Structures are given as C-alpha cells and as structure tokens.
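Got a structure here, written out as structure tokens. Questions coming.
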Amino acid sequence: MPKSFLPVSGLVLPRFAGVATFMRLPHMMLDSDDVSDVHVGLVGVPWDGGTTNRPGARHGPRQLRDLSTMIRRINPASGIDPFLRCNCADLGDVGVNPADVKDTMTRVTDFYDRLVSLGIVPMTAGGDHLLSLPVLRALAKGGPLGMIHFDSHTDLQAGHFGGFRYTHGTPFRRAVEEGLLDPTAVVQIGVRGTMYDGEDIDFAKANGIRVIRIEELMDRGVAAVMTEARAIVGSKRIYVSFDIDAIDPSQAPGTGTPEIGGFTTFDAQRMVRLLENLEIVGADLVEVSPPLDPSGNTAWVGVSIMFELLCAMVPAVERRHSA
Amino acid sequence: MPKSFLPVSGLVLPRFAGVATFMRLPHMMLDSDDVSDVHVGLVGVPWDGGTTNRPGARHGPRQLRDLSTMIRRINPASGIDPFLRCNCADLGDVGVNPADVKDTMTRVTDFYDRLVSLGIVPMTAGGDHLLSLPVLRALAKGGPLGMIHFDSHTDLQAGHFGGFRYTHGTPFRRAVEEGLLDPTAVVQIGVRGTMYDGEDIDFAKANGIRVIRIEELMDRGVAAVMTEARAIVGSKRIYVSFDIDAIDPSQAPGTGTPEIGGFTTFDAQRMVRLLENLEIVGADLVEVSPPLDPSGNTAWVGVSIMFELLCAMVPAVERRHSA
Amino acid sequence: MPKSFLPVSGLVLPRFAGVATFMRLPHMMLDSDDVSDVHVGLVGVPWDGGTTNRPGARHGPRQLRDLSTMIRRINPASGIDPFLRCNCADLGDVGVNPADVKDTMTRVTDFYDRLVSLGIVPMTAGGDHLLSLPVLRALAKGGPLGMIHFDSHTDLQAGHFGGFRYTHGTPFRRAVEEGLLDPTAVVQIGVRGTMYDGEDIDFAKANGIRVIRIEELMDRGVAAVMTEARAIVGSKRIYVSFDIDAIDPSQAPGTGTPEIGGFTTFDAQRMVRLLENLEIVGADLVEVSPPLDPSGNTAWVGVSIMFELLCAMVPAVERRHSA
Amino acid sequence: MPKSFLPVSGLVLPRFAGVATFMRLPHMMLDSDDVSDVHVGLVGVPWDGGTTNRPGARHGPRQLRDLSTMIRRINPASGIDPFLRCNCADLGDVGVNPADVKDTMTRVTDFYDRLVSLGIVPMTAGGDHLLSLPVLRALAKGGPLGMIHFDSHTDLQAGHFGGFRYTHGTPFRRAVEEGLLDPTAVVQIGVRGTMYDGEDIDFAKANGIRVIRIEELMDRGVAAVMTEARAIVGSKRIYVSFDIDAIDPSQAPGTGTPEIGGFTTFDAQRMVRLLENLEIVGADLVEVSPPLDPSGNTAWVGVSIMFELLCAMVPAVERRHSA
Amino acid sequence: MPKSFLPVSGLVLPRFAGVATFMRLPHMMLDSDDVSDVHVGLVGVPWDGGTTNRPGARHGPRQLRDLSTMIRRINPASGIDPFLRCNCADLGDVGVNPADVKDTMTRVTDFYDRLVSLGIVPMTAGGDHLLSLPVLRALAKGGPLGMIHFDSHTDLQAGHFGGFRYTHGTPFRRAVEEGLLDPTAVVQIGVRGTMYDGEDIDFAKANGIRVIRIEELMDRGVAAVMTEARAIVGSKRIYVSFDIDAIDPSQAPGTGTPEIGGFTTFDAQRMVRLLENLEIVGADLVEVSPPLDPSGNTAWVGVSIMFELLCAMVPAVERRHSA
Amino acid sequence: MPKSFLPVSGLVLPRFAGVATFMRLPHMMLDSDDVSDVHVGLVGVPWDGGTTNRPGARHGPRQLRDLSTMIRRINPASGIDPFLRCNCADLGDVGVNPADVKDTMTRVTDFYDRLVSLGIVPMTAGGDHLLSLPVLRALAKGGPLGMIHFDSHTDLQAGHFGGFRYTHGTPFRRAVEEGLLDPTAVVQIGVRGTMYDGEDIDFAKANGIRVIRIEELMDRGVAAVMTEARAIVGSKRIYVSFDIDAIDPSQAPGTGTPEIGGFTTFDAQRMVRLLENLEIVGADLVEVSPPLDPSGNTAWVGVSIMFELLCAMVPAVERRHSA
C-alpha cells in the first residue's frame, strides 16, 4: 500500500506543524513489521566522534529533520516524484556512543548490515565524515564499490595526533586500504583549501583516485566534469558521499572545517541531478553542524541536496524492485 | 502494558539522537488504537494567529520537542516519576490554519473535544495564548473552571485594532464572558509591564479575579502567594496556564511581548510544585517563540516547566484512574 | 520646493544618526498638506497575515527603514539621482490588523486608493507577498496591468489548508481571477524549489503567464531574459513585484520560504536596471523577515534593490509630471 | 493642545508599525515652531567616541527607539501617565562626529544649551558615558548639580593611554574638576568589577563622593540605599545617570564593559521609582551597544528604565510648569 | 624578577589589543627556563571527549583567554592583587587528541605530573568535566584530596551507553573509586535538574559525600552553606572544581547540559571568596562551550570566576613559597 | 634556524588548541633579539578610529588570529609553502589609542618605521582602512609607491562631517596628496555602491588612478583585469590593500560598510594569486568587524586572503634576502 509512504502535504498541514521526520515521511523502527516494505531508508547518524576540529555534527540529523519538513513532493527540474516511485521512510537514528569511536563504528556497521539484509537502500544524514567508513563496511560486503565524492577535502589522510587512524579526515584512506572502495572508480570533486603536506594527494595519485580540484571544476564547468565522472564509474555499483563543506561556506556556513572559494548550491543541484540512473547503492550527506549555524540555513541546503540525491537514486531503486 | 509509555533513557541513547517527541515519549495519532491507554496527552498547538506584536510562537511545539529530549525521568525535589505513574504520550500537533483565526479555533476545540471524550488530560505546548480559549471551550463543557494563571499580562483586554475580539491579549476576557471560567476562582500571578489604560484591571476587579502583581509576589514570597492561590481555587476543577513571559526575559527571552522585572525560573519551579494535588484538568505552556531565541534556551525553560506541570498533575490523574 | 525632498547626507550626519525613515527622506502623513507635492511614495505594509510558513515579514518595514539610512544619493551604474529628479517621501505604514486577513486587505486597498487619487506612485516595502493583491486592487482600477515578477515561487496557488484562498502563495492567482493583471503580460523570473503538485504551473500555462525558471535564467543570462521580458510587457502599464526570496538565500537568508540555487544580488541589480523606462505604475519589495536575519544583511539587500527599483521608475514618473 | 503630544496606542496601530520614534511620541526638530511647547525632550546622542573597550553604543539611540515602540502609557506601579502630565517629544539626535571627540563634545553642549534656553528637560539616550560630560556642561551653567548615578564603574578615572583625558571612564572626574558636579551630593550605586589600581576610589573618597558597592546594596536592600541617596541629594537640583551596565549582564548583555554580579531589572525599577519627586533637571540612559545584543533585549531593558526615569521626572517638571 | 609576571594594563594597552593570553599574563611553555619561577600556572585543556550531550567545550580555553583580557588587577571585595602576590603565567594548552578519550587522559596526567614536580599550582580552564579525573590523578599522588565542587550535577554516574566508564558525568565516581578523593571531605553545591534514576545520589550517600541541593542553598543562604563546607574540608589539601553550569543558564548559557533554577554569579562570587585561605592545591573552571554562546558572555562569567578562584588560592600559595 | 619559524601543525596539535597567534607562527615583540631574523611580520592594528559608520574593526586582529589557526602550510594552487621560504612571525599589535585619531596615526607610523629599519615586510591585519595611511607614511619614505587596491569604495573622499580629513573613507586621497602613492600606478578593483556625489571618482580621473568598477570586472573577467593591473604597476614597488568589503557581503558580512553585488572569494583568490612576483613591499587586509559577524566566517575569509597575500609576497621577499 504505497500510499502510506507519502509525506504529509504542506497544503494540508503547515510545514512547521507535527513531529519532525525526514521529509515528513513515516517513522519506523528497524524491528517494526512494516519495514520490509521500505525501499529507501533515511537514517541519521548523530555522531561527530571523528571530528578533529570544530564539533557539532552530532546534532545534524535533528536539525536536518526539522528543516526537511519544508521539502515538497516533486523535483521541479526532472519532474521526479520520489515518494511516489519508491517507498521511503525515516528509520530513525543509529544509537551511537559519543565518547568511543570504535564502539560506534561497530554499531553503525551493525545497523547497515540489517538494512542490506532487508534490501533497503540507505540515504544517510550525518554526522561527521568518519561515518562513511562503517557504512561502507556494510555496503561493500559484496565487493568494492565506486564512489562519487563531493568535498573540499580528500579525507585521505593517513592519521592525526601521533598516528590515530580513525578521524573524519581518514575514512576513504581506510576504505581503500580495507578494500571497500575501488580507487580507480573513485572521483573527488571540489577539493580545495590549504594543505598540510600533500601526502593525501600523493596517495590519491598512487592509487588512481581522480581528484578534481575546484579550479578545474570552475574552468571546465559542471557538465564536463560530471560527464567524466560518469565515465569513470560506468555501470559499477557506487556510493555517493556529499560533504556539505564542498559547497561554498557562504551558502553552508554550518560546518566544522570550511574552505573558502567553493561551488554554489546551484552547481551542486546540477551535479547531483547528473548522477541520475547511476547504480547508486547508498548515499550520505554529512558534516552539517547545527551549533555553527543555528539559523538552519545550512541544514536547509543539506536537505535540499538530500532530496536531489534521493531523486538521483530513484531510477536504480525502482529498477531493482521492478526486476 | 505501561512499559511502552516510558521515555527512552539518555543513559542508553544520547539525548541528541532520535526523532524528537515530547520528553522522548511514544508518538501516537489520535486515531490509533493505543490512544485509549493514554492518561496524559502532550499536544502541540503550533499557532500564533492571535499575536498582536511579534510572531513566532507557531514554531514553539517543534523547538519544545527538540529541547524536551534533555528531560530525564525523576523530579529531584518531589521524587515523582511521572511517566511511571501515568501513561503519557505525544499526541502530535493540532492541524491549524495560520491565516484564519476562527477556523483554527474550531479545529483546536474539535481536537480537545476528542481528548475529553477519551478521558485524556491535556498538557498543551503553544503557540500563543489565544489557544487557551478554544481549549477551555472543550474542557469546560462540564461547567466553568477555576484557573491559576502565571503571566506578565492579564490577557483580559476587550479587543484590539478597532474592536477585533480574538487576540492573545483577550482569551480570558472571552472565557469569562462565555462562562468557561469562574472568575472568582481565577488567580493571576506575576502581572507587570506598562499599561494601555488599565481597563483590563478594572474588568478583573469587577469580576472578582485575583491579580497578584509582581511587586506583591516579590514582597510576600512564593510560598505565601501560593497558599492564597490554593485557597482561592480550593477543590475546584482547575486549568493551569503558564505564559513563558511570566518569567524574567533574561531567563526566557524567546517570547513576543516581554516585560522586564519578572520572577526567576527557580521561583517558577517552586510555585508549580506547590500546585501538587490540586484538581488539574488541563495545563498549557505558551508563548515560546523560537525565532526570538534560536539558541533554544527559552524552550529549555519551557519544557522544564512543562515537566513540573506534569508532575503537579500526576496525583489527580492517578486518583481518577485508580478510582 | 524640491530641495526639501532631498535626503540627509551621510557626509553631514552619520548614517546611524537620526530617526530612521526610508532612505532618510522626509516623513509625511497622508493627511498632511505637503503630500500633494510627492511624486513617489515609499510605504510600508508591516503585515504577514498571509504567511503559511515562517512569519516575521510584519517587521520588514522597520528594519528596511533602519538599513536604508546607508543608501546614498546616486546610482553608480546609471548615474541617476532619483531624489533630485522626483519628489520622494516616506509616507509611513499602512495601519494593519495582524489577526484579520480580510480586514487588512481592505485597509491596504483604501490607503492605495488615496495614493492613486493623489497621483503618487507607490514603492512598497513588505510585508508578505499577499499585500500585492490589495495594492493591485487599487492600482488596477484603470484596467489590468502587466507585471514583471521576481520570485522563487509563482504565488499562483489555488489555496491552502482546505481551500483558504488568501495567503502569500495565492496573490497573483487571485489578481488574474479578479482581472487586475493581464496574464499575457506577466513574466515570472527565478522560479525554483520543490513543487507540491505543479498545479500552479498548469495555471500559468493555461493563462499565458511566462514563467522563466532559474535554469533558463542561468543558461540564457540576464540580458537575454530581460530583453524577452521587456518585449512581453511592451509599453503597457506594469507593476513590478520583487520577492526577496528570488535571490539566493545565502545573500538574503531573512525570508520565510527560501529555496536554494537562486540568482545573485549582482544579477538582481542588472535585471532591475534593465527595467528602466518601462511604464511602471508601482513596485514592491516583499518577504524580508527580520527575525530570520537580525543582522540586517537581508534588509540591506532589500533596500539596495528598492533603490534600484526607484531609479528604474524615475523616468516614467518624470515623464508624467513634465507632461 | 497637549493631545498632540500623546503617543500612538498599540491598541490602534500595532507596535511594530510606523516610523520608530521614542515611545511613539511626535518627532520635532529643534528649529520647529512647536518645540516651545515641549516640556521633556527625548534626545539621542549616537556616539561612542569615548569608548576604550568594545564600541557600538553609537547605535544605541536607533535601537532604543525601535524597542521603545513597545512601551504603553501608564506606569503600573505608580499609576503615573507621563505623557498626559507633561508634553514629551522626540527631538532627534545630536549631529556627532564619530572620529573627533572634542568636536563632538562641543556639538553636544551646543545642543543642550538650546534645550536649556527653551526650558526643556532632557532625557538622553546614549551613546557611551562620555556624553554625560558635555551634557552637564550645559545643564550645570546655573551651578554645580548633585547626581544619582547607577553604574558598575565609578567613571572617575584620571585618564587612559598615556594621559588621554576624555573617555567613557572619565566623565565624572572631569565634571567634578570643572565644577559641574558637587561631589558631596553625588551617589554612585552598584559599583563592582576588578580594579586597575583603585585610584578612582581614592578620588571619590577624597572628594566626598558616596560610592555604594554592589555588596552593600545587596546586603542593605534597595529601600535603605535609596533612602540614604535621597538624603544625600536632598532638594538640590540633580542629574540622574543610568549606565545600563549597572544591571547584571545576563539581563543587559548588550554593553561594552560588563561586570558580573549586578543587580536585577526589578531592583532597577524599584530604585528609579524611589527617585520620584526629586528635583531632577536631566537624566540619561547610556552604554546600550546594539551590535553586542542584536536581539534588542538590552535595548528593551534600556527603554523600560527610560520610561521609569521619565515617570520619576514628571512631578518636578509639572511643578515648574504649573508654578 | 616578579615584575615580568604582571599583566599588561588596560590603561596602557586597550583590552582588545595584543595576543590573548590568560589575564594578559606572560605565555610560557613548560620546557622554557623561566617556568621554574611560576607559582600558579593557568592551563587550558581544550577537550570535550567525555561529553555525552552537546559538545563544544574543547573551544573553551580559546574563548576564555579572549575574554580574560578584560580582567584588571585587583579584587574589589578583598583587595587582593593576585598577580603581585604570586607569579602567575599562562602555560598554554595540553595537547589533546579529540578522538581518543584514554589517550587524552594520559596526556593530561603527564602534563600535570610535570606541574607537580615543578611545584606549580594549576588553575585549569576546560574543557568538559572529565578532565578533572586525569588532573586529580596527578595532584592526588600524595594521597586523597578533599574537594569543594560547584555544579548542577553530581558527576557521580556509574557509566553511559552500555557501561562506558569515562564521560563528563562520571569523573568523581572514578576519582573516589581510584582513591584520589576522600569522599568524606567532598562537598557538592548547587545540584539540581531531573534525575535518571538517582543512583548517583545513592552512591554519594553511601560514601559520605555531602550533596547540597539548590533548594537547600537558596533556603539557608551562601554564608551558612560555605561555613559548613569549610568545616567539612577543614585543613585538608583540597581541589576546587567549578562547573559553569552550576550558575543559572540565563547567566551562563554557553554550556552543554544546562539546568534551570540555578544560583547567580553574585552568589558564585560570594561563595568562591569564602574559600579564601583553604589549602587549595588546584582548581578548575569547566564546561564553557563557546559554540553555544558565541557572544562570549558565558566565558566572561567563567574568567571572572577564575579570577576569584585565583584570589582564593593566593594565600595558600604564598604561604608555601614564603615557608 | 628557520625551523623555529614554522607553524605548529594541525596534525600534531588540534587547531583549536594553544594560544592563538597569526597562522600559529611564533609571537615576538619588536624589541626581542630574534626579531632581526624575521622576513615577514604579521602585525595587527586593532583600531577603528576612522570609522564613519558601523564600528568594530578594532576587534579584527583578535578574531583573525583565532580563525587563522585553521590555516595549514601549503597553497594548493601554487604549491608555495610560505613559512618554509621566508621567516614569518606574529609581531603583535600596535598599541593604539581608540579615542584619538591623530595620536594613533603617529603610533602606527612609528611602529612601521621600526619594521622598515629592520627590513621586515609587513602583512597587516586591520582595523579600519584609515590605518593604510600611517602605514604608507612609513613604507613610502623611499618614494611614492604603486598600489593594487581591492575595495567596494575608492576611499578617495575629501572629508566628512564638516571637513574632517582623517576617516576610513579618505586614506588614499591623503596618501596621494602627501606624495606617498604615485596615482598613475594605482589600480582600484571592485568599486560599487551608491555614491554621495561622485567627487571621489572625479579626483581619481583627474589624478590618473585606474578605477575598475564591478561591472567591468564581471564583464571582462579576473584574468583580463589582473593582466591590466600588472601592466599598470609594472616593476614598481607596490602596496597591496585588500578591504574585505570588496568581497560580496554574503561571503564577508562582518564589515561596517557593505555593498551588495560584489565578487566572490574564489575570484578574490584568483586575483591575489595573480599578484605573484610583483614587487610587493607591504600588504594589508582591513575592515573585518567581528561584532558584525561573531561566527568568525568573515574572519575566516580574511585570513584565507591573508594567506594568499603572503604567498604572493614570498617571491619578492625571497629575492631580496637571497640577493
């Protein structure tokens, strides 16, 4: 009965009313009976245990849910009505331990293992970027994935603070090392900001990761860059990771490690729309830090991108369920 | 099975995690089957249609739910564990029409009529103070109620803007006129601020409403004042209405019509605790306006007072259900 | 004596000094004798009674006046000195009733009827977008107007909340239905954001309204789009309505219904400058909501656009007065 | 025709509407004809040229006017309706030069000389505390004044930065030296905060200024302290100077040099009310710094105290005009 | 040469100028030669790894240094000039690892071991409250300490999130278990807020810790309570720990776990002053969270209390150095 | 020993830890012995004495230092590691007198005279734009300099407030008049905003200053404009002055006199990078006003541009020291 998966309309109940779930979708716990009907699960990982600089992303899912009640039904550019084409639900937050990184990584992977076994495609709201690692540990059980990664940083650092290996600057270094990502099918878009020593870029080059710096994106334009990105990942199963700090900090100030000179939300929308029809097996939107933007403007950008990601995922999800 | 009415503990799931319901209680729609087990219903009325000055109280319920996830289980002063002694639930928000005052009043009264018919005692989160009027229209169907009213204003104005009768400055004038309140059993505590013309005070005097101005409260102390208030309402069925602007604006800045020189949150806690065992048939906490305090500090005061109100209501609720 | 209509210079009195009127112009009440010399009247409509989502635009005129004291004399791009070429004055605010939509609409139309009878061209500062409807009811008494409309929304909705017809999402639907606008001479620029069901777009198409979505604007550029817009309205008498949410929310965050991916203030300036010499009979700048941007940055954008609108109106006003 | 000096009522025009003048009083320029009917002039001095630490008080008058539109007619404690008993008007701001301290002092004194010659009692809104010096230079032309001074600082420093003599820490040292104040009729209430070297306190002692530190105020209570203060000034002509930082910074955070551990707004109200009937020849409320509190909460405290000061001044003003 | 340990005066260099060190004291690294002359070391622990709720205290030391430049020389109540009587210096921050709790605890203890060996008494700026545990591990090497502890929480929890033992809710439970504190010489003042299950209070009772709840403090007054506290610790070597959330959140909103109904800053000042002459071997001021109060008002309260703590420590430090 | 001039790495000590100096460089006083090894001195001028509108820039250096701790080592676009190629140090702030413009100008020039005599190239953090004048008085002792000036204003005004000649709107008028700048080698980029009377533009034209308005920059692009700018200054010794208000206020809101419609931070980065190898003898970044952006986002833009300026200066500095 897909009707029950439709969000409450703002023409009926004002957007500011009601308990806030992601995009006003029904809220289900993973152990409820209905969960087997879900195609796409919107999940929060309220965690910033990997943050080396300014914390606060643990509050991301709450604020993202709040602002997401301003999302309506239809994508105006593509005409896609994602909630009609797939059963989407808010599956709540993973139960994290804010004071213990390794314990939380296990909890995240356990949660996503269950999603995989239920055939649910996850759309994750962070949380800091370290969460992508335990998510990939669950999603890549069937083999290494490709990835399209929007970010101002590579997140390919070796470690911090005397060799500590699990921070929000290291998830994809670890993911490559653990065989969760196929580096030759990884594209990073929007990279910029001052560098420590460039060792992360060396790692990218040595492993075949394609890094598209902001200057290249600005010079070539989003269409050309996305054509290349699509060519690199081809028909592989891919993960899409969108760090809100990829967007210029004037448009998304609520994040812990901003870098000036980023691309616009309009560019972001166009790029994510160009992901349509790729074989996306999961996506995340990370690093929204509400204490750094109590206005909610950054979270509004975040959920607007989540909606675009959702629309981009729909065709592949639909294909699988109609197959 | 009362266990299902217990909130999720912050020792298990961090307070910032999970979909935000009032005090982390289960969320139920009025048409769900379980609702018949509910003793106390926490309801939001996200509405500021009666606001003559600075709007924003329509966003109150959302922010109050957010902050309420920091409430724990037990009242440290009285030892009361309200969630164990009564079945409490979040019953969502009333569906309001922000652009039509009279339509919304009807919708509110309809919602509370259903609560009354289900035997659920309402603990309302506003919204502006006009909401008390349609709530009283439902609760006072069995006869006029007494009221203990904490506020910096009397809310007994005749009207605004050329005779408009339904604003957040008039609800109790209307309620007395409509026979919903017994004015001789009404006590108003904390009144202050510059006056238009004093006509509201004249109305109070003429009808036997007891107005305790802030100077009297400060001089006599909270214990003496509450002893008098309890004597006035006696064993009558009463409503408790708490306007957040009763508290000093330094402690509750997020409200539309602040008046300096108020009482403290500590005084508020002591006064509400002294309501214990009165025959409370409903309560509200109104006028928290999140746009005027994005930090959530005012909402935190609001939900802390809601918790105290809940604890004060428990004995009477329990009596009725064990009777 | 036109000299008395010149604003106080910031080289003489610091910008932060003095009672704040629009652009430091003289303040006149509609019933004063001098008002007959006024050519352009700057008027506030401090009202958000039609707001379906986040309120606050009622505070717009106050904050716009405050920030407008930073406007100097001369448009640097066109060299126009509007205050020298027309007599401009601050005519104060319309007396609204924040709790009654229909009463306020009558009050607004009455006020603008008087402006029309005095031959004063209004430059309105909102307030929410519903105000354009009662303004048009006064201005279109001589026949339907054309309109150039900058907005992220069409404001052509049928209604909200069970058929309520007067909200800030419906003014131009009503204006077309009431014959105040000639839909074939209406151009909407900058439309974007998720859609409820697209019924507003259907209405636009069915009635010949030209909707230029943001993607088209970005692809074709502002010059091409404005050339088309000018061709559509030709020499008709037109109204110009500028919703601040047309601009990207990073540049104008203080508004109730933001949509990411908008155009820049620089684009806005260029587009408004390209309105020069059109037969403008009135203009408004709406939806600045100060509680959502206490910094005043959004209001600064708003008054900067008001100044451009004023410069665009000057030639036609001057023509009429010199005719 | 005193009626024209009555403020616009918030029961008629909403408080947020209209051009903001002090307490919604008529705005008059010093050179207008009507000004000779004015008894009490509310004047802004938008200046922080004497500020040694955090600037922003130059923006005080604008924000104080904005918030002052929330003041109603009648003092609820005393029943005084000041606008009915005296002709009050907003006389605008003194034209200051923000970059030149001495030039501005001359401009301020010139402005107040004119007030004195017109028989207008000034109620000044600052601006930083240095403004009291040029004001006193005008008001004390008839001989040294007494003063009741609420502040967390003595403002009796010798100088700053290598002997610079005119800062907001020195006005009353200069005023005593220049014979504008009779130090034996000066009382300072609320003094606290860490000290540089205590030389200001030595000066106070040597000259007979009575300094009542916050500990003494808290121990003895406001009534006892005010009885003493009244006895010290007796029937002398006095100036009342209220620095907003006298109040605890939690209640008035928007000020440049806060000191924790202050008295409350309720205490402030009670103390100012106890000034009633003293021979007040002028008063000021200074050091509200809007950039340090964009919410306006501090300005709201400020104008609420200005209203109390106005009520305290009314009897003496009335006496003089009825004499 | 004690002169070099005097802070730069605000009468010479404006308070906002210069590199910000604690109270404008000289900055020294632990390995510099001069450090052997230091009597009291002000140290930052920029860490919130133990925070179970809202993070941000890692930014505390930076903001506390910034605001501390507004501290002058002399305590106005006691006349103590601490910088003249002891050599005080800013010893910088401990190098923490924000993502690893146990590693950081080791680093903190190592740093304080060095202070102990140098005979430097530490005045610590947090950081979340967990930091007191590794500090006590260094300071209590000579035997269990007494403690006077100002807080709204006991911080005596057994653990969080399935038995995790090191959070900011557990430091003193661990310290008692590890023999670092003598529980019979521990007093906790200001405790309040809703309770999980009261198990922490049971632990306090079972071990002889004296918990003075806020109601008792309000009823008995600060003098009586401090007399008792002094009697309990007697002449023992004690640690003083001041959690900023002990103070009412209206006065100190920038903290992660606020509880309404607290004591005032004035009460705090009076209580800390009553610690004078006790045998204090270290003190901390913790839980200032700048992202939750970007205004710095909370940090200003924090450093003002640090100054009082410093003055309270001076006599004992002086005794030891003159002995 | 250049190693001691390297900043502390964020991979070792978290960015939020430690006393904040510019870019985590060593802090040296001008009278220390080591200062003779410094090649580039980062200096703060915490002063807004010339500000005619909104103050606050005096707090700029403090906040810029705070945010600058997020700068890493290497410029990602050019690969330049400035700290390795030159000895850079934080030389503290000039001791200003906030209440006396002329005194402060003397103090600034004295400080920079010492830098010149030490052969240190200054990179200044403001402070308002008037500071460029006393800096140029020191730097241009060897003859008039060229200048590349990024700003939304020309800062070529004749005077303010009745002929006052020293404000932040006049420094380069004065510098040309005093022979400190060669006007034919001055380029101003990004000029926009409403004009008083255009007299500053007349002065520019009459003296051969090249003003590139924003429309020209947008139309021609940054590369073409910078090619022209480089041609104009050729191999002359030049000063680079970057007013943060040159950047669009959505990206740099924390400034006193914003003008909408500016260029982006990305454009700014590209333009400053195109200054590489010019004969730069000093640079400043001015008009960051922290009270107008407590979030620090504007300061983050500011220090990011300072880093680009530093990289642009390095080749010339290196040439001189290797010569």
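Couple of notes before you dig in:
In this document, chain identifiers A, B, C, D, E and F correspond to the written order of the chains, with residue numbering beginning at 1 in each.
Just so it is clear, a residue touches a chain if its C-beta (ideal position, glycine included) is under 8 Å from a C-beta of that chain, and two chains touch if they have at least 3 such contacts.
Please read these numbers as outputs of a predicted model, since none were measured by experiment.
When the partners of subunit A are compared with those of subunit C, the chains appearing in both lists are B, F. Counted by residue number, the contact pairs of B-D are over half the same as those of A-C, the matching pair from A-C, C-D or E-F.
Spacing of subunit A relative to subunit E, judged by their CA centroids, is 40 angstrom.
Centre-to-centre separation between subunit A and subunit D, using Cα means, comes to 56 Å. Looking at subunit E, residues 12, 14, 16, 52, 54, 58-59, 97-98, 160-162, 248, 250, 292, 295 sit in touch with two or more other chains.
Here the touching chains pair up as A-B, A-C, A-E, A-F, B-C, B-D, B-E, C-D, C-F, D-E, D-F, E-F.
Those residues of subunit D that touch subunit E in the complex are listed here as 52-54, 157, 160-162, 191-198, 213-215, 218, 248-250, 253, 257-262, 292-293. Those residues of subunit C whose C-beta lies close enough to touch subunit B in the complex are 48-52, 54-56, 58-59, 97-101, 103, 160-162, 164, 166-167, 291-292. On the subunit E side of its complex with subunit D, the touching residues are 9-12, 14-16, 70-77, 248, 250-251, 264-266, 268-269, 295, 297, 300-301, 304, 307. Remark: subunit A residues 12-14, 16-21, 27, 44, 46, 58-59, 61-62, 65-66, 90, 92-98, 294-295 touch subunit B in the complex.
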